[in-house]
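Each of the next two complexes has chain A plus one other chain: chain B in the first, chain C in the second.
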Partner chain A sequence: MPQPLFTWLLIAPSLALFAVFNILPLLWLVGLSFFRYNLTFGPPPQFAGLKNYTDLMNDRFLWGRLGLTLLFVLLAVGIETVLGALLGYAFWKKRDLPGRRLALTLLFVPMVLAPVAVGTFFKIIYDPMYGVLPYYAARLLRIKPPDLLGSGNLAFPAVLAVDVWMWTPFLIMMTVAALGAVPKALLESAEVDRLTAWQRMRYVVWPHAKFVLMLGVVLRTIDAFKTFDLVSAMTAGGPGNQTQLVSLTIFREAFNDFAIGKASALSLLVLFIAVSLASIYLFVLNYGVLREGK
Partner chain B sequence: MIGRRRIASALASLGLWAVCAAFFMPVFWIFLAAFKTRAQILTIPPIWVFHPSLEGLRFMVERQAGAFWQYLLNSVMISALAVTIAVFVAYLAAFSLSRFKPAATDFMMFLLLSIRMVPGAAVVLPLFMMYRSLGWIGSRWAIVLFYAMFSLPFSLWILKGFLDGVSRRFDEAAMVDGASRFHVMFRVVLPQVKPGVVAALIFNMIFVWNEFLFDFILGGERVATIPVALAAGLYTSQGTDWQYIASLTLVYTAPLMVAIFFVQRHLLLGMTFGTVRGEV
Partner chain C sequence: MRRPTTALNRTAFVVLASLAALGTLYLGARRAFAQNNAQPVTLTILGISGWTPSELAGKMAPEFQDYAKQTGGLSVRIKFEGAPFSALEQKAATSLAAHSKEYDIIISDSQWLGALSTPGWIVKLNDIIQREPLLKRAEGSFNTITRWAYQTYPYGSDNLWGLPQEGDVLALYVRNDLARDAKNQAAFKDKYGWKLPTSFEEWEQVTWPKFEQIMGFFNRPDQGLYGFAGEYSKTYDFISDHVMSMMWMWGGEIWDSNAHQVYGILNSPQNNAALEYYIALLKYQPPGANTFDINGVIQSLTQGKAFSGLTWAAVGPAILTPEMKDKIIVVPPPGRIVNGKMVRIYCVGGQPWVVNKFIDRQHMRAALEFLKWWYLPETQMRFARLGGNPVAQYVLDRPGFEQIQPWYREYRYMLVTERARDFWHNPTYASLLEVQQEAWTAYATGVVNSAKVANDYAACGQQKILYDAGFARQAPPSSCEEVRLR
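Coming up: the complex of A and B.
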């Protein structure tokens, strides 16, 4: 078998899966976004030109949802990265922690729970009457048990807190892995050369750890942007629309209001934002590698 | 001096264990609820010590004439098949991209990563329309292959990272000895990237095991997995069925916990995407 044929033959199954389950639906999505189409009733799809897009541009409610989503991503990923990096460093440093394997297992469990289950169960953990959290908060702070998910001011931070709890372990794991990528010999010679803690971080640890750490941040950003199950199960976007992230809006447009055309246009807009965000990250990542002349 | 250092070390251990316990606490609370009676779950002040009851687990299994086993079987079959297919297909592609470096390798890597960027809620709609037109709704293979596609990019990224780290001398030496290409791929190179394979399997398993939206919209009763059953069976005539949620979560999470305990080393090593060999 000639080499080029073999090369592409190995890649073909991946590309085939990609084409059928990704490219095809995306083309479908682009097509639908130009139509006026209701899934359940009314006339067959009508060509609407750019109407769905102009509607989007003028929809202030949607822009509000997008802003909320960006805020959510920024806060969630920011807090998770800082906490994850600090704790990850501590766990990496303390390699002789007794029962480390069990400790890390317990630590990693939140991220393997089904988000639907977590979201649902936090409804009762947060419940002002039956919830364990408001109960202890009330006892400790001597206040009335707060209605976390039901009040306009507290719902967003409460949802954010669950996301931080669930996903900080992921960044802890990425940090531990990233620090593991630093060659031990280099660390030892840094010790011998008496570099300051800052110098050691900047010139020894960071160049080796950054790729994995940044990858963790990229993956987490992408996923935070897509958050759906967790919030959908916990608040369904309420109270009011305080926690309605954009993925919930899309779902609502498509499967509650059956406004397929508009939902498609919105999907494409969100996709565009997600890809841009990730491209920026990857560009920064690649640029760093290039600069090192790797 | 030595005494002081020892105390500091003990305090550090204690602190780190406290962090782990704090993160585990909500999970522990859900697990406890699986062994409580319905009334006990809602009791305030919260009960921490009680006589464990198996009522919740029994209800869970007996509910809907044993549909639980069907859901569990679906979950196991769908995630195992999807992830195996994904890792196998990804290994072929990663091998080719790493060894033969065809044109547009970087672009393809980015293109495949972009799959992960698509918000589920955005892509489930056209997929639903497509599946409906093709009559794939409720088909087991259509779901499995979709999840395989979704697990592909991550597997490919991990595996390519590891393959890049395996010297090509191994390939060449084996080729000189007259080994076939497939022998090189699966007998010579594959054993050296085992941590990558394990990490790819575990990570995608976690994702598919817990995925809810796509199976909910594209599957049907016949292919419903446990997360879908969970979302569908939340409400009974007496309100939300907390006992059911807790029991399902316990049964559903326990295997993953055991897996994390045993393959932790591979997991951490896998996340370095092949940039280190040895211990993390």
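Coming up: the complex of A and C.
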């Protein structure tokens, strides 16, 4: 059997699955986004051209929700990256730290929990009447137990804090993996050459570690952009619309209002933004390589 | 000479063969029919998980199975599937939209009748009710609010899409042990000059201003006790049911159901005052009450944190625990004096049964048998004894009915047209609700500081939804462009 044919045969099952479960639904979604289609009322699907898209452009609330989502992504990924990098570096540097393995294992626990379960737990933990956190905050700081999820000002940071708690371990893991990719010989050479800590980081560690680390950041960015279950369980987008991220808006359009056409258009818009963000990351990451190539 | 004999033989052969074939067909059909009857039909009910009246349908199923076998020779097996309130519509609608036969009967919320009937997903029941004497008898016994709320779309019309599974009303749960306490009685009388109510009849006279005095009297945060617990959560319709009740009592309306006009009606000065009043009651409630759902009220009462709580009669079993059942009484929620007359109007709860239009004849037959069984007086009485809320008047009027459950007197008192009201029943129900929940929880949690802004936001949003969907003739005014929640 010729080699190319054999290769295609080997990857054919994966391609078929990818086509059925990814490509076809995506094409279907693209198609639906051009239709006026509501499940519970109105006529059968009618071709509406770009109407769903123009409606989205003119929706003054949508841009606020996109802005809130971007802020959430920026803060969540930013804080998680800084904390993850610092803690990951500490774990990498102190390999003989007593209990290191156990600590690393425990740190990964939040990441493997279902977000909806985490959201429900934290809703109880935050409860101003029965929750552990407000109880100790009130006792230690001698204040009234704070109502974290019932306050227009505190709900967003309270949800953000849970996301950081949950996903910082992922960045720790990526940092440890990234730093593990730095050749030992180079690190030893750097030590022999008496490079400063900054120089060592800039010229030895970063070039080797950046790809894995940035991959972690890209994955987290895409994931944070899609945050749904955590917020849905904790606040349902409230109080008011203070935690109404764009994923909750898509869910609301599709499964609450049953406005399938509009929800499809919004999903594509969000997909476009997420892909753009990932592309920007990758471009920045590869900028040096591209420049050298020129 | 032999030909005629052969011909005769041939004719006889054809006749005999035809008879044999018909006989075989007949026997085969009989056997198949007998098998069909013997094969159990699985009747799948989609209901609300964690909601006693809904789950009782599943628990009582074995009784129906016996009934079906005895009366119609039907072998039926019941399968109950549940989803929480907030996810039930998604589960039902997505399944019905695919013309699925997954669920034969669905316990829907009353406001969904429009959304489920408009696309033709559920069976219109008018003819069936007329045809079936048991259903006709039950139908004839429902009072007006029961009929409007659980059966009709458009609301109040003659188009019947559902049959009531359970009735429900808002009820005030009160810590009567504290109210009866001699010290409390004396101190209250000293302070306010009137007797602290301790009986159903006395609570019947309580108005909101009077109730505020009671809430204030029992609001003792230093002792871990608060005067009241209400629903304020953004989830599903929790804050809406309470706020709309206040609006109706304050003389407002939530829309004009004929013109589908919301703007100028929902954001009226009376409604702004009603919303302001209900949110101001938070000062008598436990910390975190501004996001309380049904569970928040239940927990406040069962854990002794609140003197009183306003929630559904259907959650009576959860509140009246063995520890609490002698301490709490269930009474009508406060009213309001309008033109010298006590006015008491609250949201009706409860859910109807609806039948999937896409199921086959066998399942349809089983579903109808189930509904007929449901309205038998003995089934309704059994439902009542287990803690459900029956609606057939021939059961509600039975002597001793009010003594079956501690909340039945209040339930029966409130489930009348002048005291209970339902809302919308429009296909855009979920969208109308969402914008309203958003607006009112924003006000309850301090995201906006004005009831007027919250009501303007809800009215503008709802007017746009109804206009875009083609129900309303008027678009929201241009001033709506400026209305924001923050």
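Keep in mind that, in the parts below, the second predicted complex is superposed on the first by the 284 of 294 C-alpha atoms of A that agree within 3 Å, B and C clash if a C-alpha of one lies under 4 Å from a C-alpha of the other, contacts with A are read in each partner's own complex, and residues count from 1 in each chain.
We take it that a residue touches a chain if its C-beta (ideal position, glycine included) is under 8 Å from a C-beta of that chain, and two chains touch if they have at least 3 such contacts.
Quantities reported herein were computed from a predicted structural model and do not represent experimental measurements.
**Student:** In the superposed arrangement, does A:L29 touch chain B (first), chain C (second), both or neither?
**Tutor:** In the superposition, A:L29 touches chain B alone.
**Student:** Kindly classify A:Y281 by the partners it touches after superposition: chain B alone (first), chain C alone (second), both, or neither?
**Tutor:** A:Y281: touches no partner chain.
**Student:** After lining up the shared chain so the two structures overlap, which partner does A:D147 touch, if you call chain B first and chain C second: first, second, both or neither?
**Tutor:** Once the two structures are laid over each other on A, A:D147 reaches chain C alone.
**Student:** On the A-aligned overlay, A:L17 touches which partner chain: chain B = first, chain C = second, or both, or neither?
**Tutor:** After superposing on A, A:L17 lies in contact with chain B but is clear of chain C.
**Student:** Using the touch definition from the top, say if A:V112 reaches chain B (first), chain C (second), both or neither.
**Tutor:** A:V112 contacts chain B only, not chain C.
**Student:** Which partner chains sit in contact with A:M129 here, chain B, chain C, both or neither? Use first/second/both/neither.
**Tutor:** A:M129 sits against chain B and chain C alike.
**Student:** Could you tell me if A:F6 is touching chain B, chain C, both of them or neither one (first, second, both, neither)?
**Tutor:** Once the two structures are laid over each other on A, A:F6 reaches chain B alone.
**Student:** Quick one: name whichever of chain B and chain C touches more residues of chain A.
**Tutor:** Touching more residues of chain A than the other partner does is B.
**Student:** Which chain A residues lie in the overlap of the chain B contact set and the chain C contact set?
**Tutor:** 129-130, 255
**Student:** Under the definition above, what is the set of chain A residues touching chain B in their complex?
**Tutor:** Per the touch definition, chain A meets chain B at residues 3-4, 6-8, 10-11, 13-15, 17-18, 20-22, 24-26, 28-29, 32, 87, 90-91, 94, 97-99, 101-117, 120-125, 129-130, 132, 135, 165, 168-169, 173-174, 176-178, 180-181, 208, 211-212, 215-216, 219, 222, 225-226, 228-229, 233, 246-248, 250-251, 254-255, 260, 263-264, 266-268, 270-271, 274-275, 277-278, 282.
**Student:** For the complex, which residues does chain C have touching chain A?
**Tutor:** 86, 89-90, 93-94, 97, 114-116, 118-119, 233-235, 286-288, 290-291, 299-300, 305, 427-428, 430-431, 434, 437-439, 441-448, 469-470, 481, 485-486
**Student:** Residues of chain B touching chain A in their complex?
**Tutor:** 12-13, 15-17, 19-21, 23-24, 26-27, 29-30, 33, 41-46, 89-90, 92-93, 95-97, 100, 102, 108, 110-127, 129-130, 145-146, 148-150, 152, 156, 181, 206, 209-210, 212-213, 217, 226-227, 230-231, 234, 240, 242, 245-246, 248-249, 252-253, 256-257, 260-261, 264, 267-273, 275-276, 279-280
**Student:** Could you pull out which chain A residues touch chain C in their complex?
**Tutor:** Residues in contact with chain C: 38-42, 60, 127-130, 134, 144-145, 147, 149-153, 155, 235-242, 244, 252, 255-259.
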